[in-house]
Amino acid sequence: MSIPTQAARQIPVAEIVFWLVLAAGFWLWPSYLPLASQVLIAGLFALSLDLVLGYAGIVSLGHAAYFGVGAYAAGVLASHGWGEPFSGLLLAAVCAGATGFITSFLVVRGKDLTRLMVTTGIGLLLFELANRLTDVTGGNDGLLGMEMRPLLGTFRFDMYGKVAYGYSLAVTFVLFLLMRRVVNSPFGLSLRGIRDNPGRMLALGYPVHRRLIAMYTLASVYAGIAGALLAQTTQFVGTDVLSFNRSAELMVMLIVGGTGMLYGGLVGAAVFMVAHHYLSDLNPSYWQFWLGAFLIAIVMFGRDGVLGACLRLMRAWRVRAQKAALES
Amino acid sequence: MSIALRTDGLVKQFGGLRAVNSVSLSLPQGQRHAVIGPNGAGKTSLINLLTGVLRPSAGEVYLGEERVTRLSVHQRVKRGLTRTYQINNLFPELTVLQSVLLAVCEQHGVATQLWRPLAACAAEIAAAREILRTLNLHHIEGEAVKELAYGQQRLVEIALALACKPRILLLDEPAAGVPKGESAALFAAIARLPGEVTVLLIEHDMDIVFRFAERITVLVAGAILTEGTPQEIARDAQVKQVYLGNAA
Amino acid sequence: MITSFLGVLFDGLAYGMLLFLISVGLSVTLGLMNFINLAHGAFAMLGGYVCVLALQRWGLPFYLMLPLAFLLSALAGLLLERVLYRHLYRRSHLDQVLATIGLTFMAIASANYFFGPMQQPVQVPQFLSGQISVAGVDLNLYRGFLLAAGAALTLALTLALERTRFGASVRAAVDRPRVAEALGIRVGLVFQVTFAVGCGLAGLGGALGVQVLGLDPAFPLKFIVYFLLVVAVGGTSGLKGPLYAALLLGVIDVAGKYYIPEIGAFIIYAMMVILLVLRPQGLISRK
């Protein structure tokens, strides 16, 4: 994929269309802009997990830890009278990145199950911490009183969510481009090497742990920014930003979309949240039941998710079209 | 000639078993050296001690003048010591070219670059393709390693080792599982290695050993039985009895 | 002070015994097949609901309810082993995690659908309720029963593992799966039966523990960390490790919540992270 091939050269067109459609969202789904912002934020968050899971192969069920740290960083800043959005993002990135850097030393040790439990433990620890530090977080009542200043000094956050959508889209787009660059670099390739065979990477001279620490810190920065976006656009932070459910649902979104393909997280977030929006109105337990069944089905019948399935279909269609062209 | 790789009284004890017993080797730079011995002679343990996978119970390992006994695997790799594996130890999801690129990028010191697209690393891609060409793998560079036949995967294993620009190359039964016809390309590529590269070959196939090696060390029960030129080893009565006798 | 400590110790041990009963099956799954089963808590929940149904709707006596909870959970385990789990043994840990989380979701949703989201109240049978005073310490009779039942089951399991032919096969399969296979032990069958027994024990623990652990649809997620922790600390070979780990965990958790309630579950999570970092290869050291 990272070496120019025919497939790689065809992707940009689809990619440009993808982002244009999102930009046209103001007119395509004007009454669903708040939901669409949430999808973008979840997609950005899933992109962060994709780096950890899809590219570097670390199974994490505690990724909400960094999302939550970012959300609280931005929320606390705004509730203390500094409502400028971008400085909130910056603070969230720094706080989440620092948390990620420190905890990464714990995470990179051990193997799959150990890592799974350590990440889960870190997530639960931070969740408990937020519950206890009621002075800072507001505990169960949530953090109230966030006052956001207008974006760039001109655009006020409106009740239809227009500015929030534009803001989320712009931030997600920029961070997406950066990540695209990173995963297609030698550094990105080395992560995939580590995912496939860490022992052999050591033998090739790669300092595997240091790579994973750098990767994990970067992913935490992304998660923190996603959390901050959620806090700023909804002007509220509850302890659920750190909950286990959020980590688990994030994993589901990424798997539904497809791992290791950058866009999997965004596609998965859209599918997941739109389905959730409609199905959980019927009956919350239906939703959870079919979500579980769907997860099992994905594991049993093809792990590359919705996006992977689409790509396979497209490839099959193209092959058939070529054959038809040859025969005629 | 200076000494490239030297061991001094190397011992590895596993519980009551001495897998490697006081082995002292000395390989001048550029030598093609083979270690042979029956199964269980301690060949694989010896390789693991040289590369740093195992820590010796006693004795030292030197690369050139430097004592590396306490250094980790990747620190030794940085000093030019590279190995291949007896069983394929590759990157199944990556393509052949990507696999070799991993090694080349690390060699060229560009592996930490976050910002440059891989597609723009022209020098690295060219170097990787060059290696693939010598092993006749260039026509399948875009295929995922897991899709390849076993023999081809063995060649990728060699390609990875070559891409590390080794000063000392440890080949752990490189031809194991490769059809006879295909092993020729493999040994041709090894033979084309620059003369200053020191090669330590561990191999069962006597034909290959006697054609390839300048010196042969015979390992039995963890200890060195004898060492000499292929002619000397072929004439050695002890060796015949212990090793070739068993094989016949 | 000392009496309150003895009371906490007693409650903690009873709680730990429950954790052990529920987790021992998980430890076997992990040790035998290197399989991460995050849905293990669902079998305990099943046992809990069997207990509720049996005692309150069907009016079964307590001593008949317990074997029923064991049997139904074991049956569910057997069934799921055939249709789902055996297809996942050779898959990656990520696949196992995903599929078993999916299964957990389905279990939670089903529990929600049939029983509603509330906590299930269950009456301790008359002859096990109340307190007895031993040397000036008031001890809850039901918890005493839990301890006794747990000890008896542990003894029975130990005997079954060490004295029977099947037990020998299980031990061989855990310690040296390849060798066991070569010796003609049908590892697949051994695993199937062991898995079912493990699920049954989880169900039994769940049924016994409704009064202590509580029971609502979120049960499998709420307690999975505890079950995994038992295995992580106790290791996966033999019964002693998980037993001691479970008892220790029970006492620490109860004591923590009793003496320093402000930090609540914090202790357990912190302990888990620290332990895993000290023993990074933890449970899957043997592959």
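Observations on the model:
For clarity, chains are labelled A, B and C in written order, and residue numbers in each chain start from 1.
Basically, a residue touches a chain if its C-beta (ideal position, glycine included) is under 8 Å from a C-beta of that chain, and two chains touch if they have at least 3 such contacts.
Only a predicted model underlies this, so the values are computations on that prediction, with no experimental measurement involved.
The remaining chains, considered with chain C omitted and nothing else moved, are all joined by touching into one piece.
Look at the CA centroids: the one farthest from the centroid of chain C belongs to B. Averaged C-alpha coordinates put the centre of chain A at 34 Å from the centre of chain C. The distance from the centre of chain A to the centre of chain B, each centre being the mean of the chain's C-alpha atoms, comes to 42 Å. Between the Cα centres of chain B and chain C there is a gap of 49 Å. Those residues of chain A lying in contact with chain B across their complex are 2-5, 8, 181-182, 184-190, 192-193, 195-197, 199-207. If you check the complex, the residues on chain C that touch chain A are 30, 36, 84, 87-88, 91, 93-95, 97-99, 101-110, 112-113, 221, 225, 228-229, 232, 262-266, 269-270, 272-273, 276-277, 280-284. Considering their complex, residues 51, 73-74, 77-78, 82-83, 85, 89-95, 97-99, 101-103, 105-107, 110-119, 121, 124-125, 142, 160, 164 of chain B touch chain A.
On chain A, the positions that touch chain C within their shared complex are 53, 59, 61, 106, 109-114, 116-118, 120-122, 124-125, 128-129, 131-132, 244, 248, 251-252, 255, 283-289, 291-296, 298-300, 303.
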